[in-house]
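Letters A, B, C and D mark the chains in the order given here, with residues in each chain numbered from 1 onward.
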Amino acid sequence: MVQFIIRRLIAMLLTLFAISFVAFAIIQLPPGDYLTSYIASLAATGDQVDPRVIENLRAQYGLGEPYLVQYWKWLAGILQGNFGSSFEWKRPVTELIWGRLGNSILVEGLAVIVMWFIALPIGIYAAVRKYSLGDYLATVAGFIGLAVPNFLFALILMYLAYTWFGTTLGGLFSPEFETARWSLPRIWDFFAHAWAPVLVLATGGTAELIRILRANLLDELKKPYVVTARAKGLPEWKVILKYPVRLALNPLISTIGWLLPALVSGSVIVSVVMNLPTAGPMLLRSLTTQDMYLAGAIILLLSVLTVIGTLISDILLALIDPRIRYGAK
Amino acid sequence: MRKDQFFGLTGAVAIAAILAAAGPALAAGQAPALEALVASGDLPPLEERLPANPLVVEGDSIGTYGGTWRMGMNGGGDNGLIVKTVAYEGLVRFDRDWQTVVPNLAESWEANADATEYTFKLRDGVKWSDGTPFTSADIAFAVEIYKDPDYPAGSWIDNKNNPVNIEVIDELTFKFKFDKPNGMLMDQMASVDGIHITSLQKAYCSQFHPTYNENAAAEAEAKGFSSWALYLQDRCAWGWETIRFANPDLPTLYGWVIETPLTANASRVTWTRNPYYWKVDAEGNQLPYIDNLDMRVSQGGVEELTLAALNGEIDFQERHIATNVNKPLFFDGQEAGDYHLGEVIPSASNTLVLQLNFNHDDPVKRELYQNKDFRVGISHAIDREEIVDVVFTGQGEPFQVAPRPQSPFYDEELAKQYTEFDPDLAIEHLEAAGLTEMNGDGIRLMSNGEPAKITIDVISALRPEWIDILEIMQLQLAAVGVEIELNNIDRTLFYEKRPGNDFDAQVWAGDGGLEVVQEPRYYFPANDESVWAYKWAQWFNGTRPEIAEEPAEWAKEQMELYTQIRSSSSPEERADLMKQILAITKEQFPVIGVSLMPNSYSIIRNNLRNAPESMFNAWLFPTPSPMDPVVWYFE
Amino acid sequence: MPQTPMAAKPLLTINDMSIVFSSPDEADIEAVRQVDLTLTPGKTLALVGESGCGKSVTARAVLRLLDRNAKIPSGKILYDTGAGPVDIARLNSDSLAMRAIRGAEISMIFQEPMSSLSPVHTIGDQIDEIIVLHDRLNKKQARERTISLLDQVGVPGARDRANAYPFELSGGLRQRAMIAMALACTPKLLIADEPTTALDVTTQAQILDLLRQLQDDFGMAMLFITHDLGVVAEIADEIAVMYLGDVVEQGDVYEVFRAPKHPYTQALMNSVPRLMRKAERQRLTPIKGTVPSPKDRPNGCAFTSRCPHAFGPCAEIRPQRTMVSTGHTARCHLLTHEKAEAFA
Amino acid sequence: MAVQSMEQIVPVAVPRRTARESQFGLMWRRFRQHKLALVSLWIVAVFYLIAILAEFLAPVDPSDYSARYTYAPPQGLNFVAQNEDGSWHFGPYVYAYKTEIDPVALRRTFVLDETKRLPVHFFTESEPYRLAGFIPMSIKFMGVENPRDPFYILGADRLGRDLLSRLIHGTRISLSIGLAGVTLSLFFGVVIGGFAGFYGGWFDGAVMRTVEFIRSMPTIPLWLGLAAAMPKDWSALQTYFAITIILSLIGWTELARVVRGRFLSLRTEDFVTAAQLDGASDWRIVTRHMVPSFTSHIIAAATLAIPGMILAETALSFLGLGLQAPIVSWGTLLQDAQNIRTLATAPWLLAPGLCVVVVILALNFFGDGLRDAADPHGR
């Protein structure tokens, strides 16, 4: 077990290194740099900057240097905990992103939980009553979430909330709780706001979970140990929940890690539409303004989260499945 | 626009200013919250906070204190909303109908005959939001910092062709001196650009500069900045830089001061009244009336903002949400949302300006695009009535790139020439331009035998209707044998292609419909935005000499005239010179316009008083600030 | 083995039972036709036949463990609870009454001890569960009983092994654990569905010994399903031979082995090699042809297509159960028609 | 007595019918059990047919605009009506509109003019066009008599363009981008996954690390970065292909995993060993022996990958990175519909969203059915 974790950790570090390189490459890919896009945005308001000033800034930001030099400086900084500064906000990146990443993790974490809550009963039902009307209805319901583009769903939800209830969904907090400390009313306020984006995000990923769970469970239901359990005289629901479901869940646990990148991508769009202060819109903006250290840090940290998520789900899997824990085939 | 109303207001302001100059104000009232602070001794009494002769701003009615003005920002980078709402406090300002320059922080000024020296006198007793006096020293400091190459700001103050030199005469009097005549200075200072000079308080900002604080570099490093310059930029950003509004400690002269700063993570930016604000109403009550501003920050989408406005959660706004497409929605929602729509007149003249690249690297295209017959032919091939009908639901009229009807420079011939839809005439002109042969697809051939195909760069993300217009134009031009291809690209690339000279044509909106003199980009090759003759503009500006190219004679003549405008101190003379430039523009017809930019609208909550039912929308005239939001109030 | 008097009260009687499988786009298949079986306490009935003949289906029907698409449209499965007979065939498969029988009254051992045990639960947990369920003991008491059971079925170091996962045990030990589980609530009837097939020969013998000994100890009835006639000879008191859903012959194991009456039974006996000197060995006679699919089964005797003696009525008329001797019956037209003499 | 299992002697029962059936026949039989999948197959087939016949089926050119009919609501298609003289009219027709302009609210209001019926004809003459770009034709599936009359069965968009025609042409782009993307993913996935599974060892390790790595990158920045890196002066068509390639660059990983898994399990199968002993080349073993043995899985996996491609296209268009007007795709059509105005006053413009939902559902169920049928025991 320890050796397993150590091996995974080493692989993780290598992956992260590769990700950092590619992340940096991606943010360098588009033509121009932050200053070009800065000039462009100034020009849109009819403003101009002296080219001299731009050259000065370019030197200050180290933008004129070759790619590898810039990358190396960035990486060296990160190893010392310095992710560089945002060009747009002129602040250290670390100061800007934690709050947003926290919101992202919160919203996406909730979405994962909701997804499981929806997917578990539907997946189990669909497998146990394979090809029944209920199976069809349940899976269609589950898959509609996947099929409706997130931004459309979010938009429709907001519009319906406005026309039916006269409220505007959006944001994560009411103004009075915006900067308040966590307290019971603030948690309540958070949930009153967060349900909508969480729902939109969750419905997008539920179908995949249902699909995997249903397929796994169909396999497990055929296994003889299910008959054994039935022969013991256990009630049917207990038979299914205690044995095949328990086994069908194992491979699902390993999907937790993979869910994250998909959710992050989905949350960018949902956050833009529903106005959530998560990392997504900041990433989008930093990418379009080519605020590269900010964008790079967000990409890197999201990838780190994913890799850690994968590691955790692997360890979790080993913990709950004795076959893996004991190295059995 | 109802001109009578506008002039009425202007008159009132002018009279008020004269009255104010005549004697000290009454210092009659202040907000209840401030009264309490005065009573508890936390704040000096009103008389000590107001200047000797506060600026009197009149509204339709005397207001009551209180309330929060709710509005919305689009994304964290939307500093423009703040500039246009709060930060328009220069030495001078425009009156409400954008006609004359009137006093603001400066009580009076005079210029010498050749427009090289301007003397300003500041209002006595104006205080920064931290209570310290605003003096000539602050102006001198701003000039010094703006001219410091380590402080990256783009401004007229450090314009390298003709920078500002300052001479401080006393605490309240100073003189701007220029090497060359600067006849447009007052217009520039009254525009949004004027806020640069009043944006830095010496007492606060000097602590970050090594000239004033020998430890500046060390302190910057301690704060995690790699140089004192970056720390200075962070704490004392110039005029309207986004991060300026991220520092609540920075003293300002605005009506409201920052409560929740505009940081990267802000989902809301809030402001509260400035207890030291230096303007009063007609009865001498300290302004502003409205206690707080609340700007919700959207994360990049405006749909949530649209819904909020429909739901009555926005008190006054035009920016972002008042689109053509949304109008029926807002119109229908007036009763439910308890708001009504006000009129907004754009400063831009045209919905779409087609700029063919006069400096094209391909000699054949260069010659063709410079051929007036070709442009006239294209212009006649466009069925503008149809575009106005389809895209703008009949709003607007066929129009070239010319001053708007509201402008004193309006010239009907310039605005209307070649706008009638006449395919036969179009073909006549195209053939006169040498496009006589056609290929099998019915596309005319250029002199080198290649089909006349124009690739037009457009940023649909900026204005969705551009694509709609171009798609219709595509079909209309195909009918006379000119093919256009739409190249929908992103903004950075759009700008990168200019110095690279890597484009056939670009489109943009018709800026300069009202600010004719300040924004002449389409009338002659004036600046980087004169995309149609980018290299000629470089020749004029000298900013990028490496790619500059000598302009045609007529353009040189215009440039000469504009140089004369800059050196003239007489408004009448400047107007006359501008008219001469426009006459050449009319003759040369460099860019092709489509239709007059239709009026937009603002959303005004029904309980908001003194807010303008009609206003311009421009950047140089940063509305709604010139409409004095400080006298708006809630009933 | 001692002869039990026929008068002994039967524990389970299957009367005229048929089992039908339905599928959404094909005709229903009658997998088992009109089966009659009787099980008596202390006795072992061996159900013999090739794969797919319906023997496992019959066994599972007794516990109502068939798949959802299987029906028992006719016949009775009468189980004597002590308070009067219950017709299992009419019980709802997930009903309380049925579940009270499963595990407690009738229990079952399966062919593959590996896959029949949950891989992620310990042996002890899986056995405890059934004890807690039926005998309402607490966890701790259940575990004590589990350990003694494991001990009883010959699992060495029972206390430690109770905490082991199935994959940590050998095949034989797993099957012993299965048996312990099946016997946990001292059932009156044990159904063993090919319990030794997956094991090697020595383990097989040990398990058979164990089962025999346990039967003696507990006095339960046993339904033993196998395709291995050797095993039958070793463990069974009675035998029932199935072919394609029909019980073609049944009776006392000695009777049937000595004088098989049905051509299929005879063929089966002939196909088993006997131990003899090499010179005396005869070629085995495999049964000609292949087993038809249940869909192609003739209305009459299922064996018609492969029977060397098939004649007139075989294909169309289903032969009656014919008493050959006391407790020995067979279903064959040869026993009731003239041609029978020729065959005998 | 000797103990001998009789199964060694008696041949095991093999249902005769299945023995005769080909792999695909068997698959089809199992597939049919899944009713939803069967219905989905038909839906998918209809949509692809629409994509192929776009020019024929679309009543008008998707870029034909009309100032008079901006935001015209759907006319619907009617079949029966009573004439004024009491007689009955049978046959398809639509109603004309009564229009008013509201200059203050900036809109036209439309009322269906029930007194004016415009009969709809099938197989009408039209301007000559080329079906799918090369078959010359001059017949349209349907149309009204006078081409100047309004014909908006599903309504019009903000420029008075026929939504139905745009939808039909959008179907072509969106479905083909899905198909093209999946074909590319399939190619990368099968080749890379196949060799990883076949050779194993360090190559397999490297491929699996790469897959893991690509999958742990959040996709949005990948899209953004790559889409932004496209030479932006490319034509719309070039961008179209570039986007497809980008999508498949991300999409191949899933297929590669599936293929690799199959290869790993097949590698040890007897028939592969036999082929190796025969001295067949690796390439031949892979292409002739191994790939055919799991074609059905690949088809199922590929089907399930198409919805992701379609959704990705709409999401990219939403962010302004994917296809852009004037190209007509479901993504760009939805881009037009993604505002409150549309929801409030022109909900028919959400029809492309409905198409996305239906096709994605259908492809999912179709793919699920295929997979269930291809491999009843596996996943």
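Quick note on the criterion: contacts are C-beta pairs under 8 Å (C-beta built on N, C-alpha and C of every residue); 3 or more make two chains touch, one makes a residue touch a chain.
No experiment lies behind these values; they were computed from the predicted model shown.
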Between A-C and A-B, the pair with more C-beta contacts | A-B
Core chain by centroid distance, with centroids computed from Cα atoms only | A
Whole-Å gap separating subunit C and subunit D, where each centre is the average of the chain's CA atoms = 53
Compute the distance, rounded to whole Å, between the mean C-alpha positions of subunit B and subunit C.
-> 93
Taking each chain's mean CA coordinate, subunit A and subunit B are separated, in whole Å, by 40
Distance-wise, how many Å sit between the C-alpha centres of subunit A and subunit C, to the nearest whole number?
-> 54
Multi-chain touching residues of subunit C, meaning two or more other chains, are 24
Residues in subunit A with touches to at least two other chains are numbered 30-31, 131, 155, 159, 272, 280, 284, 288
Residue numbers in subunit D touching 2 or more other chains?
-> 33, 228, 232, 338-340, 344
For the subunit C and subunit A complex, residues of the former touching the latter = 24, 60, 63, 65, 94, 99-104, 107-108, 110-112, 115-121, 129-130, 133-134, 165, 167-168, 178, 181
Subunit C partner contacts - residues on subunit A that touch it in the complex = 131, 223-225, 227-236, 243, 246-247, 250, 320-323, 326, 328
Residues of subunit B touching subunit D in the complex = 303, 306-307, 310, 324-329, 331-332, 386, 389-391, 393-395, 455, 460-461, 467-468, 471-472, 474-475, 485-490, 493, 497, 502
Footprint of subunit B on subunit D - complex, ascending = 63, 65-68, 70, 101-108, 158-160, 228, 232-233, 235-236, 320, 324-326, 338-341, 344-345
Residue ranges of subunit B in contact with subunit A within the complex | 75-77, 80, 149-150, 152-154, 158-160, 224, 227, 229-230, 233-234, 237, 242-243, 246, 260, 263-265, 267-268, 294, 296, 298-301, 303-304, 307-308, 310-311, 313, 462, 490-496, 511, 519, 527-529, 543-544, 619-620
